[in-house]
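Input: structures, listed below.
Below, subunit A partners subunit B and then partners subunit C, in two separate complexes.
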Partner chain A sequence: MKMKQKPPLTDAQRTYQKFAAKDEPQSPVLLNCLKAFLIGGSICAFGQLVQDFFVYNFDFNEQTASNPTIAVLIFIAVLLTGFGVYDKIAQFAGAGTAVPVTGFANAMSSSAIEHRTEGLVQGVGTNMFKLAGPVIVFGTTAAFVVALIKTLWGYWGG
Partner chain B sequence: MLVTMKVFPLRRILFCFMFLFLLVSCQAGDYPKKTVTLNEETVQAETLIQNIDPVTSAVAIHNEKELYAAAEVEHMARLRLESIRKEAHERLTDQWPEKTIFFSTDKKALLELRKLNNDLAFKSVSKKEIDKRLSKIEEYMKG
Partner chain C sequence: MMMYLWAFIVGGIICVAGQLLMDKAKLTPGHTTTILVITGAVLDGLGWYEPLIDFAGAGATVPITSFGNSLVHGAMAEAEQHGIIGVVTGIFEVTSAGISAAIIFSFFAALCFRPKG
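For the complex of A and B:
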């Protein structure tokens, strides 16, 4: 399918764009990055604390402790989403709360809460993966590509 | 700053910190922090491992036909854990070719080995108990 080319801008449109760009509030990119880094890092540090808690106090080694750690993080994220706290943290931290596993839990649970009035199957069941679906699709695809590169690298690269 | 305070009320921040501190304080467990010198062979194995660059501490315990060892590495070196494990295993195998070497960088294995090391130094542990604990440590090493 051929992509449609955009028609050239008229003088009035160009003038308006210039005028709008002047009054457009600038996005504080650096500050957003810093916030995302700090909050995302704090979530990961908290995850490390939970993992250490399981290693020190239960019969888990580093590898097996990651399963209950993820379960705890997901549980807390879902709970905070239900109480409406996670949204506020996300407003402040931006991508910092989206990247870790808690972001995925938030995406699923918030969709479920939002569509609960439409019924359990048609509402919650259908819409739960609407936002989380692309994460699974692109995550699996990326994992496949990386694994393929790693295998080929090991096969030909030594 | 005003916006921050509005989004995160102080009470919530305090609650989060209290929860964090609770977790940290629960972590101490009953694991000893230092390795005790048991015998010359053990010290030799520990020194051999500690000579590898990013290793910060190591513990080793000799059984009849096995050598169990674990090490802690610098945080920034955790990306090359596999090569560190390989190198340590090779060094120990070269030194004790007749023994089966079990080496790991797993935290739980390190903690349990250090605990056994301390128990062997200060308590009387039966042979059966040692074998039981070492086989459990072997399981931790395998993951």
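For the complex of A and C:
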């Protein structure tokens, strides 16, 4: 999962890569996309169901209901990860389970569970954001830049 | 009922975009989700994400793109009240539920479950 800085390839390595590429199984892009569409769409439709539940049964409106909805989806995803079910679905669905917020929860809980044996602080605490960290780091930084530009735009013109 | 259909279709399309990034551009899931989050933030900056939420409901709020959107939203809401400092203080305002839920549940999951496989 980590991207390492690769040293430049030698000629022999390049020849090997071309040779190996011939025998690589072609990943069926169209089929993968169909699976991602069906599973990802189902997760979102289920999210809509949860959201409507909050709108009708509690004092939430369409806007505010998305927060508890996401919390519920995260809870379910963490539970499924714990039972080892989520990874099985993820193998089938690819981006269909990685892109919804459930994939974020899966990344966090699976690293937390995996490193439990190394202790609570050094294991769980240190490694929980190992996979999910980039999303928060880049999301926050991008949001900061966007919001800053928008705010300054509001002050000086626009 | 139409809302469920649109949530399914729009959510599905965002996932297909992610799948294409993974298959065609050969990105890791980490890179894919990062790109989608940044896309969500930029789209909200342009003011295009909110109409999508009105149209598709959970189809736009459940994919990780909405995380970027919510971060910008929280920052903007605070910035309107408190000026430029609000950009920093408000950035996690809306996403607090998602992040804290993920941390808390993951921690308890680590206590309750053993690694599989």
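Just so we're on the same page, the second predicted complex is superposed on the first by the 124 of 158 C-alpha atoms of A that agree within 3 Å, B and C clash if a C-alpha of one lies under 4 Å from a C-alpha of the other, contacts with A are read in each partner's own complex, and residues count from 1 in each chain.
The criterion applied here is as follows: a contact is a pair of C-beta atoms (placed from the backbone, for glycine too) under 8 Å apart; a residue touches a chain by one contact, two chains touch by 3 or more.
Quick caveat, the model's predicted, so the values are computed rather than measured.
Student: Just checking: does A:L49 make contact with subunit B only, subunit C only, both, or neither of them? Give me first, second, both or neither.
Tutor: both
Student: Between subunit B and subunit C, which one contacts more residues of subunit A in the superposed model?
Tutor: The partner making contact with more of subunit A's residues is C.
Student: Figure out whether A:I39 sits in contact with subunit B (first) or subunit C (second), or with both, or with neither.
Tutor: second
Student: Is A:E62 contacted by the first partner subunit B, the second partner subunit C, both or neither?
Tutor: A:E62 sits against subunit B and subunit C alike.
Student: Could you say whether A:Y86 touches subunit B, subunit C, both of them, or neither, answering first, second, both or neither?
Tutor: neither
Student: Once the complexes are superposed, what residues of subunit A are shared between the subunit B interface and the subunit C interface?
Tutor: 46, 49-50, 52, 62
Student: Can you list the subunit A residues touching subunit C in their complex?
Tutor: It is residues 1, 3, 27, 29, 32-33, 35-52, 62, 66-71, 73-75, 78-79, 81-84, 87, 94-96, 98-105, 108-109, 112-117, 120, 124, 128, 131-132, 134-136, 138-140, 142-144, 146-152 of subunit A that touch subunit C.
Student: Which residues of subunit A touch subunit B once you look at their complex with the stated criterion?
Tutor: Against subunit B, the touching part of subunit A is residues 46, 49-50, 52-53, 55-57, 60-65, 85, 88-89, 91-92.
Student: Which residues of subunit C touch subunit A in their complex?
Tutor: So the residues of subunit C in touch with subunit A come to 3-4, 7-24, 28-34, 36-38, 40-42, 44-45, 53, 56-59, 61-68, 71-72, 75-76, 79, 83-84, 86-88, 91-92, 94, 97-99, 101-103, 105-107, 109-117.
Student: Touching residues of subunit B toward subunit A in the complex: what are they?
Tutor: 4, 7-8, 12, 20, 23-24, 26-29, 31, 106-109, 111, 140-141, 143
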